[in-house]
Structure formats: C-alpha cells, structure tokens
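This report concerns only the one structure given below.
Which chain is which? They are A, B and C, in the order written, and residues in each are numbered from 1.
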Amino acid sequence: MDILVLVKQVPDTEAIIRAQSDTELDIENKYSLNFFDEFAVEEALRIKEKLGSGKVAVITLGSKKAVDALRRGIAMGADEAFQIEDPALEEIDGYATAKTLAKFIESQGYDVILCGKQAIDDDSGAVGPALAQFLGIPYLTSIVELKIAADKKEARAAREIEGGTEIITCPLPALFTAQKGLNEPRIPQVAGVMKAMKAQIQKFDLKALGLSPEDIRPKTKILKFYPPGKRPPVKMIEEEFPKNVEVLVKILREQEKAI
Amino acid sequence: MAGIWIFVEQRDGAIRKVSMELLSGGKELASTLGEDMAAVLLGYQVGPMAEKLAKCADRVYVIDDPLFQYYSADSYGESLANMVHTYDPSVLLGGSTFMGRDLFPWLASRLATGYAADCTDITIGDDKGIIAKRPMYGGKVLADVVFPQARPQMATVRSNVFPLKSLEEAARGEIIHIEPKEDSSTIRTKVERAEKKATGKVDLTEADIVVAAGRGIKGPENFHIIEELAEVLNATVGTTRAVVDNQWRDHNDQIGKSGKIISPKLYMAFGISGAIHHTMGIDTSKVIVAVDKKPNALIFDYADYGIVGDLFQIVPALTAEFKKALSE
Amino acid sequence: MEKIDVVIVGGGLAGLSCAYNLAGEELTVLVLERGDFSGSKNVTGGRIYLGPIRRFMPNLWEEAPFERHVTKEALTLMAENSSTTFQLSSQRMNQRPYPSYTILRSTFDRWFADKVMEKGVCVIPEKRVDGLIMDDGRVAGVVTGEEEIAAEVVVAADGVLSFLAEKAGLRKPFEPQHFAVGFKEVIQLSREKIEDRFGLRGDEGMAYLFIGSLTKGMMGGGFLYTNLESISLGMVIGIDAINKMEPREEVYRLLDEFKESPEIKKLIEGGSLSEYSAHMITEGGMDVMPKLYSNGILIVGDAAGFGLNMLITVRGMEYAIASGVMAAEAIKKAKIKGDFSARSLAYYEDLLRNSFLLKELDTFRHTLSILKNPRWFNHYPQAICDLYEKLMWIDENPKPKLSSTAYRDLRKNILNLQGIKDILSLRRI
C-alpha cells in the first residue's frame, strides 16, 4: 500500500504575527510542522506498520522552510520526501496549491492520501477537498478514526460532525484529512532525526510538472491584512462574594443584554 | 443570471440557525447589489422546509431525494456544480459548519473559482464584488479576501456573524425542484451510521451561550455544577484540551485551536487559565466572562468581565442568581 | 545507531555555545533538549553582559536577536509607604560596542539553535535524557526514552538542577540553601509606551532593580527589564528564606503585590501578560561547585553551579556561554589525543581557572552569606526612605536643622553598632 502525506511547515502557535502593511505580515521566526499534519503522518506510518508493507512518502509545496516539514516526516519514519518549489508558487491560494499538488500526485502511485484538517497559517482547510476533486477521488474530512479493509480496497472512517459522529465507508484510493483525536503522533527518535538530516529530498519545479504560471493563477486575493479589534480592558468585579455574583448577573442582563 | 445563493443546511427536519442568519445577511447584501437572493436546499423529505424558505428568499432551489438523506460531496457537490452551471449565481455562501467546510472547497475547485473559509464578515466592495473578512493564524491577524474574476464568489461564514432577522413575508419565492443526476452508484462515500450525542443541545459552534470549565473543575464528577448552570441559561457546555486529555469530557466539547472555534453571544469560562490555544477559539465571542482563582490568570486578558474566586463557590451561586433573575 | 563523538544534554546557552564551537570540526555532535524547542523552558531575568564573552563568538553577536541595549540603570529601595530611587543614565553605555543587552530567551535560544543547526549540528528538541550509560566507571553515553546513544563524551548542560551531574556522581543532591527561585512575567507593551514611560529612545533599554519591603524581609529582590515591545518583570527569593517565612504565604502572590505597588503599576499599565514562568537559580557559588569533569563527561553552565547572585542582579548567562566554549576547546583537544578520560578533560578546568569565570566566582565567594542578613531587605531600605522623607518634610512646625535630623536618624537606625558591623561585612564582597 502506498501512502502519500501532505505536510506543511507553518509558523507555530507561539509565533508573534502582525500585519506590517496591507499586504505584508511580520512573522516571528518560529516554525513547525503543521499541528494537524502530524496526525496525518502518524496515521500513514501506523497503516504501513499494521499491513507490514508499503511505502510512505511526504510531499510539500513551498520553499526553504518547507524542507523542515519533510525532515520531520522522515524523522518520524516516512520513506521518501518530495518538495515542489518554484518562485511562481510563492503567493498562491488553496486552489492553486491543490492544483499543483494534483499535477504532481497524478504521476505517483497511491492508495491513500492523508493531509491535515487545516493548515494553521491560512486556517482554510481547503487543500484536501480541492485536491481530491482534481484527482477525482473520494475524500473524507476531519476524521478521528481510520481502518483499511483487509482487501485494501475500502476504508472505514469516523468523523466528528456537529453533535455526533458519523461512520463512513469509501473505496480506495481516497483522501482523508486528519483531525486531532485520530492518533497520538510519535516523537521522532534520535536515530530518525539523524537520518532525516542526511535524507535525499527530491525536488520538482513548475516546469518539471508541465505547468505554467498561467495554470496556477490564484482565484482569491488578499486585499489587506489588519490586526483583530482589541477587546476593551477587562472589568474586574471586585465586590465580595456573594455580591459579585449579583453584580455580574445584573451587568449581563441589563447592560450587555446577553441573557 | 446573477444573484446571491445561500446554501441552506438542515438536519432532522430543522433548518440550521446559521443558515437562517445567512438568509438574513444575504438579503441585505442582495439589496445592496440590487440582485436576488436564492436559497438552495438539498435533502430528503424537505418539503415543509422549502415552504418556509419560500417566505424568506426570492427563489428556492430544492432537491428532495432519498439519495440526499446523508451529505456527501458526490451527491451534494455534483448537483450544486450543475445548478451553478445552469443558473450562474455571483455569490454562494454557506455556514462554517462541518458540512460547509467539507463541501465548499471541493465545489470551488470543481467550479474553478475562489473560496474563503470561516469568515467573520461579508461586505460589498466598490467594484460590487464581495469582501470576505476572515481570521488567519489562529486569529492573530484578519484578512480581507476578494475574488478578482472567478465566479461565484464562495465563502463559509461563522455563526452569529449576521443577526437573525424575521424574514417571513420578506418574499414570496418560487420553489424550483431539481432532479438529481446522481444514482446510488455515483455516490462513493456511504454513511454507515451516525451516532448522536445524547444531550440534544445545540452544538458549541452554534450556541448563543457557552459555559465552559477547565482543569480548575478538578474532576469529571464536578461537571454537574456547570451542566446545571447551562440548563438554566439554555447554554452548551464546553471545555479545554487539558480536560479532554484527562478524559473528563469528550473531544466534541473542546474549544480552541485543536477543538472548535466558537462565537457565541456570551462565553463564560470557569477555571480556565487562558492559554493561547484555547483563546484562539473564543476570539469572536461577543461577551466573555472569566472566573478563576488566580488573579494573574491569562484568561482575564481576554475577558470583558472577570471575577477572582473559587468556581465551586461562584458557579452554584450564579446558577441560583440567574434562576431567580429569569423567573422574575 | 553509530557512536557519536559528543552528546550535549540541554539546549540552553551553555549547551548551544558548546555545540556552536564544536561545529565544523571533524566531530559528530548532537544536542538533546527536553523542551519543545530551545528557549521554551529557559528563564532569565533579562540582561546579558557581552564584555566577557564577545571574543568567543564574534560573528554571532552581530546578528543576534537582542532586545534593547541597556543605557539606564535604576535601583529602588522600597519601604512600607515610600521608596527611594537611584538612577544612572550613562553616555558610555550608549556607545558601540554596547556592554549589555536585555534578552528574551524563548526568542534568543531558538534563534541560536537555528544557527547551530545551520552549522550542521543536530539540535533535537522534545528529547529528555533520563539516564547515563556507564561503562567501567566511565560515562559512555545517554539514555533517552527507549534509545541508548553511545558517545565518546557527554556534556551536561542540563541547567540548574542538573540530573546528569548528580547521576555521574559529580555533585551532591539538591540542598535548598544553595538555590533561589525566580518568578517572571513578560508583559506586552507597545514600543511607544515603553520609550515614553522609561524615557528611552530607539533601542535604548533600562535595567531596573528593587529591594526592600517587596520581599517581606526575605533575601531577594525584584527586577524589571525593558525589551523591544515588552517588559520582563519578576522577583528572585532565596529558597531558604521562603522555607523560614512566617506566616507562610504563596510566594507568587508577592509578585502580584509587587505589580500592584504604585512604583510598578503605572509602568505596566495597559500591558497584557504573555508569559509566566518560575525557575530555580543557583546561588551556591564556589563553595558548592561540583567536580567539573570525569571520565567521559563535562559539566557546563548552571549545571556546574556557575551563577552569581549579587544582591539583586543575577548573573549566569555569560558563565553558561563561556563554560560551553571552554568545554568545546577541551573536547577538541581530547579528540586530537583520542583520549576522553578525566585526565585529558582536566584541561577544561585549567581553562576555567585562567578565565574571568572562576576568578569572579572566587572574588564573590562570600557574597551570599553576607546577603543572607535580612536587615538588607527590611531595615535599611525602610531607614533610608524614612530619613529622606524626614529631610524633605515641611509642616506647621519650624523645621529643625537638617544636619541634626540626619545625624540623629543615622545614629539611631544605621550607624549603630549593628549597622557598622553590617557595613563592615560588605568589605568581604
């Protein structure tokens, strides 16, 4: 069974991020593998380990820092790493990302594609479904459980929806996006990290994929970035108990009309 | 024919609140643009809901078919793609729900158009295109997204973004029935079963009021005081990852980066320290109340109102006080 | 896995400096850090002096993400209802190369780790070392989780409560009197507000220290450092003093009270808390210094007890960096000889003895015992503030002669027998 995992290096949750101008962000240099992609890599490794055969490849689209996502994947246990890199890919949206990835993946053999529920930079959750569309394969998003049938032709997954869980089956090949709860990602072993440092990364640019910049023109554009509106400073209710409770209820009812 | 389309979600015979909100908001956007607003309703045995929608929208496109009982991109997505090709709307909005966020990116790529996810506002720009406001980087920055050329302009929108207005009588819309092209063989993903949570409460993402407790609650056996408060306020109970990791509550109840993004009118946090991963999920709540015994708890930096105190003392007293106030 | 030359345990300043200086040599080097990333768990009040260490890694400092260079120093003596402040604004400190900078470790160490990685050394986070491999009385590697990593030499850079030094039998178990505890908050504040409130321009910074009533007589004090867009605010208190505190109180509350004091409140107003941490500080100095090396192991930084608590300033970062660099020198030499035994590694201690590091620790070896005197923290700050207040006070009564007021007060509160003894004790610092 061949499994492809999409991974992305993103500013981690600690990083300070600010709008520097309408079109530019000031991002503190703190990056890590996208939180949800770790579940995807882990799941791929578990499937392979369970079946006792197969190959796990990690794929990223991006420049410089993106390599670290691939290295993390290899350190965890992935067998192969592919990087799609091209100056024309610097500022693209989910549509163009998925289209480019699809073009590359078409040339690969695969039974399962795994990716994160969303990338915690753009917070879109668009690439997975869009990629499945381009590839013409079924997909299930936000899964918290995945079982591959013995004949490797079908998968059964659980996903969380509002107010409950759905158990769904679908034929393979298929794409799944990973939600927290799917598994507990492993921390790479030292030996794995050492191996990843030396690992060979296979690179492709647009030309190698047979795409022109025209093909990947984004469909959306960010007009401007700006900081979120600041909440007014907290009003601490200083009265002694139980007076403070009375005051709070009064405020919520009369002032805020929240209840 | 242009026009604003609202993808209406229904479950168990009821239209979701976020869809009603979108119809309210969509109406105004449509009138600003001087266009029509249509509702799109897919499902099985949805006739009565279509009738209801006809009173709110200028047109209602309906597919009512057993194959559409459960959502799948193979059914919903393909049909919507065909409908869009036929009727050519300029805007297509849906709720930022599980279904919306599953369906819209697939559909957008099928239609070779743009998509903005999880928006907190939709406005109209000078060029009559929409401007979708959306948080990025966990809410650390906001972005205004536009759609230079591609149509329809697609976006999913959070709950409580557009105020709910009474739309009945606003229109006398035509109901247009559409025959799906799909048959059971084209639908590859099959829902085997759906397990509902017992509570029957509205989901966190849609609730008007959310009351949540973190690790300060000490153990699962104490959650009843939160449940009781929720009962009085008709609120939904939420929690933190620390609590979920301890298996005191289900992951479904987790608010935050790796849980749910909520935007209720009132959020109350008890014994929650206010880690950034948690507060990323509550940013767009209208009013935030925090109770924590530590005066320097980070949560107070995000709250509108704060009380330093013991939740075991405060919560039952709040429940009693609200009960009293609401019965007056 | 093949045998590694050097395993450095702890990716703080000491460990990273050692790695940085080993990189590029014919050595395989590995840094293991238990935090999510270098800097994630490291706490420093806030100021690094470059003077003693600039020459070690000259290129590094050029692009280092420091916060502000310190040009203003202030010390406030806090009494019950008053305080007295001394302030120095120094032109000399405002000239390049700047002598000291404020620093935020989560930013700095993370950047430093990247630099070390760029030089080809693997820095692996999320790896807690939980054991040593011993072979015939020598350290032969480390154990982390289920992995054993064999190494020629292990560098214990694992910080103040060094578990490795203890495991290797180089240091005695933890004793409270040799440690202090520090609490620290980082409060975000805009650049403009910081420059305005502290009278700074551009990247100028301020180091601001406090002693007196804020620690309720316990040995210790408060600090405030201005960063580019935040303030580091905290307190350091001796653990011994905390243990003897009557009535017992949760110490973190003292920081809350400190923040509420009029001296601080206005300085941090409108800021938002972004980080809270607590960390131990080594205070033992020379007298409790462990053995610094053994067969196959070296100890650097806080792990070796290289810290100095001088009344209110804590110094440790320069020592961490310098000792890391010297350990690297000793390892390089040992590699050439192919000998990582204690005899060969003894060169590390030679280097230290000839450097500012052990010389300073020796010079200040009595500081701590002198500072343990609670009068420095309650009596004298109060007495000085009271006197100053009296001198400045004018009411309906005719004002007495200043000199006699001062004389009487000084005699009573400061220049009495006890006071003279206390002041004389300072000669030993």
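Heads up, the rule we're going with is that a residue touches a chain if its C-beta (ideal position, glycine included) is under 8 Å from a C-beta of that chain, and two chains touch if they have at least 3 such contacts.
Predicted model, so just to flag it, every value in this text is computed and none were measured.
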Central chain of the complex, centres being mean CA coordinates
A
In terms of C-beta pairs in contact, which of A-C and A-B ranks higher?
A-B
Taking each chain's mean CA coordinate, chain B and chain C are separated, in whole Å, by 49
Chain-centre distance (mean CA atoms) for chain A and chain C, in whole Å, is 39
Centre distance in Å when chain A and chain B are each reduced to the mean of their C-alpha atoms
21
Multi-partner residues in chain A (2 or more other chains touched) are 14
Give the residues of chain C touching no fewer than two other chains, as numbers and ranges.
none
Listing for chain B: what residues touch at least two other chains?
301
Going by the contact rule at the top, pick out the chain B residues touching chain A in the complex.
11, 70, 73-74, 77, 97-99, 101-103, 105-106, 108-110, 112-118, 125, 131, 134-150, 188-197, 199, 201-203, 205-206, 209, 233, 251-252, 257-259, 265-266, 276-277, 280, 283, 286-290, 300-309, 313-314, 317-318, 321-322, 325-326
Of chain A, residues touching chain C in the complex
14, 28-30, 32, 187-191, 193-194, 197, 233
Okay, in this complex, where on chain A does chain B touch?
11, 13-14, 16-19, 25, 35-36, 93-95, 98-99, 118, 120-130, 132-134, 138-142, 144, 156, 159-171, 174, 180-181, 218-228, 231-232, 234-237, 241-242, 244-246, 248-249, 251-253, 256, 258-259
For the chain C and chain B complex, residues of the former touching the latter
185, 252, 255-256, 259, 272-273, 276
What does chain B use to touch chain C in their complex?
295-296, 298, 301
